[in-house]
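Both of the next two complexes hold chain A, though its partner changes from chain B to chain C.
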Partner chain A sequence: MNGLWKIVLLGVVMAILLLFALGLKNDPRDIPSPLVNRPANDFTAPALEGDQPVRLSAHRGQWVLVNFWGSWCVSCVAEHPYLMELAKQTKKRTDFVMLGVDFRDNPDSARAFLARHGNPGYAHAQDPEQKIAIDWGVYGAPESYLVDPNGTIRMKHTGPLFPGWFEQRALPLMQGAVK
Partner chain B sequence: MRLFSPLLLLAWLLVMPGPALAELRNEDPTEAMVRHIAKDLRCAVCQNQSVYESNSDLAKDMLNVIRTKVAAGEQETAIRDYFFQRYGDYIYLEPTTQGMNTLLWSAPFIGLGIGGLALWLAMRQWRKRTRENTQPVPTNTAMQERIQKELDQVHL
Partner chain C sequence: MWIEIAHFSTLIALMLAALLLIAPLIGVRWQRVVWIRVARQAAFMICALLTLASAGLIASFLNHDFSVKYVAEHASLKLPVFYLATAMWGGHEGSLLLWTWMLSLFVAIAAWKHWKTHPVSMPWVLSINGGLLLGFLLLVVFLSSPFERLLSPPADGRDLNPLLQDPGMVFHPPFLYMGYVGFAIPYAFAMAALITSQGDSEWILATRRWTLFSWAMLTIGIVFGAYWAYYELGWGGYWAWDPVENASFMPWLTGLAFLHSVMVQERRRMFKTWNLFLIITTFALSLLGTFLVRSGVLSSVHAFATDPGRGVYILIFMSALLLFSFGLLTAKSDQLRETPQLESPWSKEFSFLINNLFLVAGACTVLLGTLYPLAIETLSTAKVSVGAPYYNKVFIPIMLGMLALMGLGPLIPWQRASLAKLRQEFLPAGIIGLLGMVVAPLIGINHLSGAIATGLILFVGTTHLTDLLRNTKTRMSRESLTAPGAFLRLVTRNKRRYGGMLVHLGTLVMVAGFVGSGLFQEERDLFLAKGDSMRIGSWSLTLESMEKTARRNWQADEAVIRAERPGEATLTLRPQKRVYSENSQPTTEAAIHSSWREDLYVVLGDGVKDGVWAFRIYRTPLVAWIWVGSGIMVVGVFWAMLQGRRLQRRAP
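Up next, the complex of A and B:
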């Protein structure tokens, strides 16, 4: 075997190892959503609380955080304190609103969840057969989408929103710093 | 007769699944369509299972969405596209042959080609080397004279 072949073989092995190393860092659950920068699918559904149905397109002109959750979802419990805080923090903003979609759930359990872990005060749509969730390409809970005032999905966040998410991820988009 | 009865039992066991298969043949054509579509779609929360085979809640609800759409008379391509637009090409159990995926599909053949070429080159080199080894060593007159001298000294 001459020198050239040795170098070629070494290069191939290194390339494969590099691909493995890069692949190890991939989160198999973090699948890029093809819905980003596409118009959000509108939904109208009965609200968890009250008689007024929840409709996404009623919030045109505002940024909407659509949070998919369920009382059966363990990570949603972890996420909940931040949602409470975010709702309180953004209450006075006229350009930002939060909506919940309670999917694959029964309303009583969902209401019990809010009674136990605190009620952030924004509206929740009921989606017992996860029709909205499938229409929005949701895999599990929690998953959140940020919809811009024109009704276009601008960002998807898989997993619980973390403290500081609004300032780090949402605000730059809302202020037009990130295109 | 002692041999005959086990054979009869075996035959009977083979015939038994008949009714179950007949049921499959007589299924509603809508359901056949649902199955056909759902078998090609990945259950998004499972590892390598189709929507049709999976027992997860998401897969069951996806199956219901497909069922509603098939019943509404939507075409297979339209339904596949509906899921593709929401979940990306991850939703297809078998990757499509478009875009970057052509690289994926052609990679084994490219690999085979490169391997074949490498083997051909290597074999050519081996044969060349064998040929060189079997050829007589070129000699000059001085060398030949010396060999002759050495041979002359040998007494058989």
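Up next, the complex of A and C:
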């Protein structure tokens, strides 16, 4: 093997390894949504509990966390404790509200889910035919969207929200630190 | 109880693997054979211990021991026994244990079979494999242990992923791993040859059966995966160029290149460095496959474990291995003497060289397509995916080139051929091939690559049959045998050559399947209510009724569809939409009617409103040829493996 080939061979091997090393930091679930920075599709849907329908545009002027979930979704169980905590933690904030969208589900199983794993107390829209979910480009569960006071989607999070998500991801956006 | 036995034996195996790594080095350094013997015994014991460990994990599954975390996550009380026993590799941790167990088994076999015949290489082979086993056992024990207990065991497990409850999926991983792991042995022999500066042909002869075996297993594994994707995933296709599919395909390509180029080294003492490069690359790509699946670097349907800790560990392990192997290759390769040079471009050597270039170029395009999204995502914030259009554009021409070369194989002589002779040899086959390309569009293959492929299939088929006929005739006259007798004698005397030719013929059958299914698939999406009919190809399909059905661990909506075709018996197809447990999403069970001509493939979608259901229906010509062709290939490889070492003494 002559010198040039040796350098090429070792160079290619190193480049691939380096790429992997850098690539380990990527989160494969972090897929940019084309809906970010677009106006959110408004929805009005029957609530899971109570007679008052859930309407997104009723929360204009507030930041809204829209969380898509279903009782059939295993990762939603893992996410649930954080949603409970976040709901408690932000209860006093007037600029932030949470909404759930229970999609492709039947309301009884969803209510049973809340009875079993705890009820965070915010409103959930029923979306058994996944009309809202399709409008919003949801392809798995859980998925969460952060909608700003003007009704524009500012962020999408695929997979369970993690403890500290609000402080690390949502607050910088809400305080205008990140455009 | 069982799981503790498994855990404990794995821990002992881990310590013995360290011994296996170090003892032979001591033996070589201080010329003490006893240390090498100790290492050999360690290899046997590691195999026995890991067999026990795997048995222990399987026993925990069979006993429904849900206090074992891995069992609780991958089985349930309702899971049938067959899937219970094979759920061992239904997840990340168990798959790694399976992989390591297979490696230990192969190392033990190598230590047993090659002990007397390869005394110089043996210490290095043992030590290198000790390093590999140590690396994987550290991963199994510390970072992804299948032996963990749960403090409060659940009453029932979470069940095996419904998509994995399929025979295709049961056999896909073990065969694939056997292929991956099998290359570890030739790799270790190659490294031993480099270290001891005996890069001549001994290691190649020692590992011929290992490489054939591994390549055959890889073939079976990949085809089972494709078969599973076709039968279970309900999208009408079998290959999606998913990163992890590619990861198994790359070592297959380089392994195939290696299988061809070793023949040149055996016969003509050429390509020595190249062969070392190929086997190292093949094994490295096998590890890359594991890395891609297990680290979550690339997102894919297979990446069920996203865990950066494991990713970092596998990356460090792989870097050490790659830098060691390729570093050694570059440092030592100058000592290899390449004796004769290529004498003529009209020779078998040269056709093998081109074959290798095509195969390696193919592997490079797949590697590029697989890594490009990763590179883009890492270096910028965008996400891209490279899909079938890229691969079809780049890969199909390469494969057509391969096919053309395959036709040269049997008729082109070693060293040097006269052009006049070649012209005479290839004229009939060439004419038949060209005629095929011209006629193909007239019989409906109105596709450039399809027509070329058809012509090439005829060309390759003709050269192979010419060779078979001619050699049978020679034997008939020389040994005064009947035609079948002479044929039998021919293919049993040189099993390697005719095994190889059978692999080629199997490839032709597969290519026909690719042309048919890739270019001529028909697809319909539609809603049907009870009594509605539709047509696809010459079939007419009627939805007779919708039923509910259930088995032990699932229930399903089932459509009963009557399929009729003029002049044929009426069929009933029953596609299902299954729900396995309340926690899982529904899965589809396509109803497939398979024949040599075409597959009719019906997928039941969602119910739209009362009594109206969505259906997707495919008519795919020649799919079955892919499965049959791969079967022929595997038989061919095994036939070639039966050949002993007798032949190579007739070197020129």
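In the analysis below, the second predicted complex is superposed on the first by the 149 of 179 C-alpha atoms of A that agree within 3 Å, B and C clash if a C-alpha of one lies under 4 Å from a C-alpha of the other, contacts with A are read in each partner's own complex, and residues count from 1 in each chain.
Here, a contact is a pair of C-beta atoms (placed from the backbone, for glycine too) under 8 Å apart; a residue touches a chain by one contact, two chains touch by 3 or more.
Just so you know, these numbers come straight off a predicted model, no measurement behind them.
S.K.: By the touch definition at the top of the document, which applies to A:Ser109: first (chain B), second (chain C), both, or neither?
M.R.: second
S.K.: Between chain B (first) and chain C (second), which, if any, makes contact with A:Tyr139: first, second, both or neither?
M.R.: In the superposition, A:Tyr139 touches chain B alone.
S.K.: Contacts for A:Lys131 in the overlay, against chain B (first) and chain C (second): which applies, first, second, both or neither?
M.R.: After superposing on A, A:Lys131 lies in contact with chain B but is clear of chain C.
S.K.: By residue count, is chain A touched more by chain B or by chain C?
M.R.: Looking at chain A, the partner in contact with more of its residues is C.
S.K.: Is A:Phe20 touching anything from chain B or chain C once the two structures are fitted on A? First, second, both or neither.
M.R.: Only chain C; A:Phe20 stays clear of chain B.
S.K.: One more residue to check, A:Ser33. First (chain B), second (chain C), both or neither?
M.R.: first
S.K.: Please report the chain A residues shared by its interface with chain B and its interface with chain C.
M.R.: 31-32
S.K.: In the complex formed with chain B, which residues of chain A make contact?
M.R.: Listed in rising order, the residues are 31-35, 38, 104, 129-131, 133-137, 139-140.
S.K.: For chain B, which residues count as touching chain A in their complex?
M.R.: 44-45, 57-58, 61-62, 64-65, 84-88, 90
S.K.: Would you pull the chain C residues touching chain A in the complex into a rising list?
M.R.: Residues 158, 273, 277, 291, 295-299, 303, 306, 308, 311-312, 315, 318-319, 322-323, 326-327, 329-330, 333-334, 371, 374-375, 377-379, 381-383, 582-585 of chain C touch chain A in their complex.
S.K.: What does chain A use to touch chain C in their complex?
M.R.: 1, 6, 9-10, 13-14, 16-17, 19-29, 31-32, 71-72, 74, 109
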